[in-house]
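The following block contains the structure, expressed as C-alpha cells.
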Amino acid sequence: MQEQHTDRSEPPRLRLDGITVRFGGLTALDSVSLDIPAGRIVGVMGPNGAGKTTLFNVICGVFPPTEGSLELDGQGFTPRPHNLTRSGVARTLQGLGLFPGLTALQNVTAGLAAGSRGGLDLLALPGAVRREARLAERSMQALEALGIGGYAASLSDTLPYGIRKKVALARALVSEPRLLLLDEPAGGLSHDDIEELASIIRTVPGDGCSVVLVEHHVDLVMDVCDRIAVLDFGRLIAEGTPAEIGADPAVADAYLGVEVA
Amino acid sequence: MTAALVLEGVSAGYGAVRVLHGIDLSVAEGSITTVVGANGAGKTTLLRTITGQLRPSAGSIRIKDGKDLTRVPVEDMVRHGVALVPEGRGVITELTVDENLRLGGLWRKDRKAADEVLTGMYELFEPLARRRKAAGHQLSGGERQMLALGRALMAAPSLLLLDEPSLGLAPKVTAQILGMLRRLRDDTGLTVLLIEQNVRSALAVADHGVVLNLGRIVASRPAAELAEDTDLRHTYLGF
Amino acid sequence: MDRFLFLTFDGLARGAVLAAFALSLVLIWRAARIVNFAQGAMAVAATYIAFTVTALTGSYWAGLAAALVAGFLIGALVERGVMRFVGNSSALNPVIAGLGLLMLIQAILGMVFGNSYRTMVTPFSSNPVEIFGITVFSSYDLFVFACIALLVGGLVLLFTKTPLGLRLRASAFAPDLARLLGVRTSRMLTLGWAMSSALGALAALLVIPTELGLNPHAADTVFVYAFTVAVIGGLDSPAGAVLGGLAVGVLLSWVSGYGGATLAPIAILLLLLAVLLVRPGGIFSMTKERTV
Amino acid sequence: MSVTKRYGFAGAAMVLLIGLTFVIPSFSSYQLATACAYLCGIAGLTLLTGAGGQLSLGQAALMAAGAYSYALTANTMADAGTEGPLLLLVPLAAAVIGAAVLGLVIGLAAGRLHGPYLAGFTMALVVALPAVTSTFSSVLGGDQGLWITVEKRPASLRGIVSNEAWQAWLAVVCSVLVLTLLANLLHGRFGRHLRAVRDNPVAAALAGINPARTKVTAFVISSAAAGMGGGLLAYTTQSAGPGAYSLVFSLFLLMAAVVGGIGSLTGAVWGAVLLVALPHLISTATSRLELSTDLAQRLDGNLAVAIFGLVLVLVVLLAPQGIQGLLVRAGRRLGQARSVSVPPQSAKSAPSPASSTPTRLSARHEPEQLPATPKGQ
Amino acid sequence: SPDEGGEAAAEDVPGITDTTVTVGTHQPLTGPAAAGYSTISPATKAYFDYVNDNGGVNGRTIEYIVKDDGYNPANTQTAVREMVLQDEVFALVGGLGTPPHSAVLDFVNDNEVPDLFVASGSPTWNQPEDYPYTYGFMVDYPTESRILATYAQEEFPDKTYCFFGQDDDFGEEFQAGLEAVLGEDGLADTQVYSTANTDVAAQISAMKEAGCEVNFLATINGFSAQAVGTAAKLGYFPQWMASSAGGDFNTLSGYLGENTNKLLQGFVSANYLPGYSDTEDEWTAKFSEINEEYNAGAPFDGNTIFGMSIGYLFVEALKEAGENPTRESLLEALESGNVTGNGHAPLGFGEDSHQGYTGAMLTRVDNGVQSYFGTPFVVTGDEVEEYTEERPAMPADGLPE
C-alpha cells in the first residue's frame, strides 16, 4: 500500500478521509481514505459486497458515513443527493435507474433539474416555454453525442438494454459534472458496446472532469483508468496504477482469482 | 449421446413483434451449451420461451423423455427438472437469504436431502453464509446473483438455464461459478444452457456454442471451434 | 383508578376484535399485496349465513362453523371470480374493484335480508365479571381473546415455520419468480384470500353481537378502524396488527371515557400521525429497505 | 399539445359549455356545475396519484377545507357588508388557499409515506372530519355545517339566465382554469420531476430533484385544485357541512379518477361526467321498472347501488386503463385501419407495449421481481 | 278562503295536472342510516296508494317520488334539485334528517316549493320569517325534553338526573330543554356518543359511577338499546327517559333480543302519534289494515305509523287547499289551523308558527308492553302544561273529509 495523501499544490477533486460505514453489526466500509485527482479516471474494484456501492452512497449522501469526512475541491463536503448535481457531481446507478414512465429525452432532461431551480411553470409563459425548449435542446445534444438521438421520443422502458444504459449515461453527463461516478456501467453490455463505452469514458476527463469507475470488467478498468483502488471487506487493500494493481498478489487473491481454463 | 433439450422451429415474440424466428436447437445431456449474441438478439426471450413464461407461436420444445415442454405450466417446470436463473438477479427481496434458498428446494418431497443441499449451498457461496438472516434487499448486486444461482441449484435440476450469471460478479466469483458448472456437469451429469454476455469465459467453459443474431441461430458448433473462428467472432460478437 | 382499569379492559376487549379484523387485512396484503376494501362486506355476508344457520339449527357453534366455511368460500370466490382478472397495469385497480364489490355485496345483502338490524346471540354471557370490585372482562370477552390468541399464534406459526407459509409469502411478493420455483401461485393466492376472508368473517361474527346488530353495513366502521390498525402496526406484520388493534381499542376507550366520544377519530388520526412520522412503514415494518 | 393550442382549446371549451347552458334544462345546468366542481377534485387526484404515485383517500377532506374556507370568508365578508363580485372572488381564492395550506400541513407528513400507508393516513383524515367540525362547532357549525351567504348572479343577468345556469358558468370557468393550469404543470418541468420521483426516487434525487419537496408540492397543488372544487360546491349548494365530504365521497372521487383513466387529465373529465351522470342514469332507469310492492321495497335504492358496483368491477376488468385508455386504444385502432398502406414505424423505435401508468401504490409487483425487467437491480 | 287559489289553471301549478298531484321526498334508503329509517317512505306510499284507490284527492291521484340520498347532504342536494327543477314536484313531503334537509332548506325556499313535514325534531324548520315554505312535523327536541324533565321532577324528585346524547344538534337541543327545566346544574353528569363508535361502555360506566339515577336519552333507537344493554351488563339499572326518536319498543327489542322485557321494564319515552301496539286505537287499526294491503305486510311498527301519519297529514292539507290546489293555497290551508293531524298533541301550524306537534304524551313499558299513560302535555315557552282536549277523531275509513 502506498501513501495516499501525496501533497500537491492543487487539491484533489475528491478526498475521502477515514470513511467508515456500519450497518448494524456489519462493517461495509472500514476507514477508507482515498484521493480522486482532478481530471483523472480512478477505478474501484473489489469482490462482491466489498463496499463499492456503499462508497458511492457515502459520496452521494444517501446516508452519512459512520465516521470520516469528505472534501470536494479542497472544501469540506456534506453531500445531499438532490444537491449533488449542483455541486458538480453526477452518478449512474448500478442497474439502470431510469424513469420508465418518461421518454429517453425526458429522462435526460431530468438530469438538468438542478439548473432549473424551484418554480412551477403554472402559466406556461413564453419565458418558461423557451427555457424548456433550451433544456430539451441540451438534452438532445447529450443523446446525440452518444449516438442515440433517434430514440429521444421513445418511452425508456421500451428501449433495448444497451440504449438504456447510454440514456442513463447521457443523463449523468448532461449536467456537465466535475466528478462523475459510474457504478458498473458495462454490466450486461456486449463486447462492442463495452468498447464504445470505454471510448466515451476516456473523453470525459477532457473537460477536466474526474471519473470514478466501479466495474467488474477488469479489462475495461485496466484499459481506461489512470489509477485503481481495490476494496476487500470494506478495507482499501491496494491503490496504484493499473500495472501495479495487475501485479499485486493480494488483489489477484481477493478479487481476480484464477482464470478458468 | 441423448439430447436433454430439443427445440424445433420455435418462434416467439411479444404481441405482434416476433423476436425468435424458427429456432432449432439441441442440447446434449450432460453438456454445457452456451448461447451468445448481441444485446437484444433474443437470448432472454429464448429462455422465457423454454420455461413457459412465453408461449411459442410455432415449433416444439421437448426434454429428455420426449415430454413436450410447451404444454407444461411454468410452476411444473422444476418438477420436470428444469430450473432457471432469471436475468436481473431474481431474488425475492422481502424474504431472507435463508428463505430464498429454502424456497428453491421446497417442491421436493424429501426434506432431509433438501437440508443437506442447503448446507452445501452455504459452503459453495460463502458470502451468503454470512448473510443468512439478511433480507434480500440488503444484499449487494453480486450477493444477489449468488443467491439466485444457489436457489436454482436447490431444486436439484437436471437442466439448468442461466441468464447471464456473470452479470455484476467479481471475476473470481464468475470463475468459481463457471468452474462449478463444469464440476456439476462432470459429477452429476447436469445439463446447462448458459447465456452469457461474457463470451470469452462462456466459450471457455462450454462444450457447445450457439450464436444468436436477430432471433435466428447463425452458428452452432463445438465451443472451441467457435472461439477460433475469427470471422464469426468479428461479425457477431465484436472481438 | 377503578375507572381507568375498567376503561382499559373495555378497550382491550374491543381492540381484540379490531385486531382480528386487521389481521385479516394483513393476511390479504401479504398474499396479494392488495388492501381489500370489500373485506367488511364479505365478512358481513358470511355473518348473515352464520346468522341463518344459527336461526335454523339453534346452535351458535354451527353458526360459527358456517361463518368460517362461508368466509373461506366467499374469499375464494372473490379471488377466482374477480380479483384474479384485475390487471396489474395500475395498482389502483384492485382498490377500485374492491370498492365495486363492496357496493355490490352490500346491495345484494340489502335486497335479500333487508336493511334492518338483526340481533345476534352470543355463546357466553357478556356481563363483565367483578374481581376485587373492579369490573373486568366478561366471559364473552375472554372467548374473543381466546379465539384471537389462537388465530394469531396459528398464523405466526404458519407463516414463519411452515413451507406453506413460505410459499404463500413467496407468491405474494414475486409471483412470477415463485412460479419458476415450482410454487402453484394461483392456488396460493386463492388460499390466501380464502383464509383472510374466513378470518374476517370470524372477526365480524365476534364483533357484531357487541354492536348494534347485523346489518349490511355492520362492518363499515370496523373496516375503517381495522385498516388504520393495520397501517399502524405495519401491513406486513401480524404482530403489528394485534398490537395496533389493542392500542387503538384502548385509546378509543380512554378518549371516549375521559375526553368525549367525539374526540375519538381525532385521537386515532393523531396516533396514526405520530406512529407514521416515526416509522413510515408502521411500528413493525421491516428494516429500512435498501434502495441503492 | 403545444401551449398555445392548449389555451385555445381551453377557451373553446369554456365558450362551448357556457353556450350549452342556454339549451339544457336548469337541472342539467346544476349537474354541469357539480360535475365541474368534482372535476377540480378529481383532476387534483390525477396529478397526485396518477403522475405522482401517491394514493390519497382524503381528497374529500381537502375539498371540505375549500368549502369551509369559502363559507367562513363569504360569511365574514357579508357580515361586514361586502357585496358584488368581491364577495364571490375573495371567498373562492380563500377556498383555494385554505385547502392548499391544509394540503401543505398534511403533505409534510404524508410526503414520507407511500402506498397503503398514505392511503390509511388520508382515510383517517376524512373520517376525522365530522369530529373536527363538532369539536369546533362554534366556528364550523357542527354536524349541520355552515350556511353561506352567496353573491347571486348579477342583476343584469337575472332575466336571461337561471341561477343554475349562472352557477354552471362560474364552475365551467373555474374548472377549465384549474385544468389548464394543471395541464401546464403536468406537461412542464414539474410533471417531469413528479413522474421521475414516482418512478425512481433515488435516481430522481441523484438527478438533482428533491423528492420530498416534489411530493409535498404535488400535495399542495392537488389540494389547491380540490379547494377550488370545494369552493364551487359551497357556492352552488350554499352550504358547507361534514356530511357532504364523507369517506364515501372521497372514495367516489378516486373511483372517478381511475375509471375515467388516471393517466391523463382528459380521464378526469370522463370521471367527473360519470360521477354525476351514472348514478342519475341508473336510478332513473331502475325507478322506471314496474315491480310488485314487495320486490320494489327490496330493490329500492339497493338495485342502483348494485348496478353501480357492478359497473365499477366491469370497468376495472374490461378497461383497466379507464375510459380514456379505451378511447385512446380505439382511436389508435381506427388510425391503423386508415393507414394500412403506411409501412410500420421505423425499425429503430422499439416496440411499445400499451403504455401503462406505473403507479406503485400497492406494490403488487415490484418491477425488480419481474424477470421481464432486464438487468435491473 | 283557500278556494280562491283554485282559479289558477291547473297546468300552471307545478306538479298538478287534472288527474295527478306529484310530490317528492328524500330518504335514506341505502347506507348506514337505512337500517333505522328506510321503512318510513314505503308506509307513506302505502297510505297514498290507499287514498288513490279510494278516488284520490279531488279526483287526483298522488304520485309520490322517493329519492334515495343515503343520509348524505350532498346527495340530498342533487335529489331535491332534480325533483324541483326536473320532475317539478308540487311539494316536498317528509324529507328526512336534520343534516340532509338543512342542506336544501335555502334552495327549496328560494324556489318557493312547499317543504312540508320535515322528518326531524330540529326546531330549525319552525322559522316562518326566514323559511316561509318549510313546515315541521315531529315534536321538536327541546319541547320533548321539557316534558320529560317536568315529569321526572314530579315523579322522581330528588334523584340524580343525568343525560346521554348524540354529539350533534339533537343532543344539544335536547339538553338545552332539560336544563331549562332542571336548572343550569340540574344534570349531574352529561355524556355524549358519536354514531361512528357503537361502544358506549365508557360513557355508561361513567354515569354509573356518577351515581346517576334518572337518565335522559337523546339517542336514536340503536344507541338507546346500546345504552340500556351496556348498563345491564354493568349491573346498572337506572330509570331511562327517552326521546321519541329513540324510544320505540319494537325497534329496541329488535336490538336487545331475549332480555328485552326485563331490561326495558319501566322505560319511559315521549311520543305523540298513535301507538302501534295499541290495537284498541282506531288509527292504529286502520293503518295496520292499510299496511297489510298496500305495504306487502311489512313489519308494523313506529316507523309505519310515522310514515302513514305524514301521508295522512298531507292528504288532509291537500283537501283543505281546495278543488284546484296551488302552492299558495296549500300553505294557506296549513296556516288556517284547520289541518289537525292524528297526534295526541296539537299541531302548531299558524300564521307565525310552522312548528309541528307542540307537545307529547308519555309512554311506559310494563311487562313488555309499551303504552301511553296520563294526559298529553303541551309546551308554551318554558311552560309545560297538561293538554286536555280530545285527539281529532279518525274520519271514516281514515280518509280526510
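Order of writing sets the chain letters: A, B, C, D and E. Residues in each chain are counted from 1.
In this section, a residue touches a chain if its C-beta (ideal position, glycine included) is under 8 Å from a C-beta of that chain, and two chains touch if they have at least 3 such contacts.
Values in this document were obtained by computation on a predicted structure and should not be read as measured data.
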Chain whose average C-alpha position is farthest from chain C's own: A
Farthest chain (mean CA position) relative to chain B: E
Chain pair, most C-beta pairs within the contact cut-off: C-D
Inter-chain centre distance, chain D versus chain E - centres from mean C-alpha coordinates, in Å: 38
Where chain C and chain E are represented by their mean Cα positions, the distance between them in whole Å: 38
Computed distance of Cα centres, chain C from chain A, in Å: 48
Sites on chain D at which at least two other chains make contact: 127, 130-131, 134, 202, 301-302, 305, 351, 353, 357-358, 366, 369, 371-377
Set of chain B residues in contact with two or more other chains: 53, 86, 90, 92-93, 138, 141, 164, 167-168
Residues within chain C bordering two or more other chains: 107, 110, 173-174, 176-177, 180, 262, 264-265, 291-292
Sites on chain A touched by chain D in the complex: 60, 62, 81-86, 90-91, 93-102, 106-107, 109-116, 119-124, 128-129, 132, 135, 150-151, 153-155, 157-161, 171, 175, 187-188
Sites on chain E touched by chain C in the complex: 29-32, 34-35, 38-39, 167, 191-194, 196-203, 205-206, 209, 222-223, 225-226, 232-235, 254-258, 299
Chain C - residues contacting chain E, complex: 2-3, 6-7, 10, 14, 107, 110, 115-119, 121, 126-128, 135, 138, 210-213, 215, 217, 220-221, 252-254, 256-257, 260-262, 264-265
Partner chain A, residues of chain B touching it in the complex: 37-40, 127, 138-143, 145-146, 164, 167-176, 178-179, 197, 199, 201, 204-205, 237-239
Chain D - residues contacting chain E, complex: 25-27, 30-31, 34, 127, 130-131, 134, 142-145, 147, 163-164, 233, 237-239, 241, 243-246, 248-249, 280, 283, 292-294, 297, 300-302, 304-305
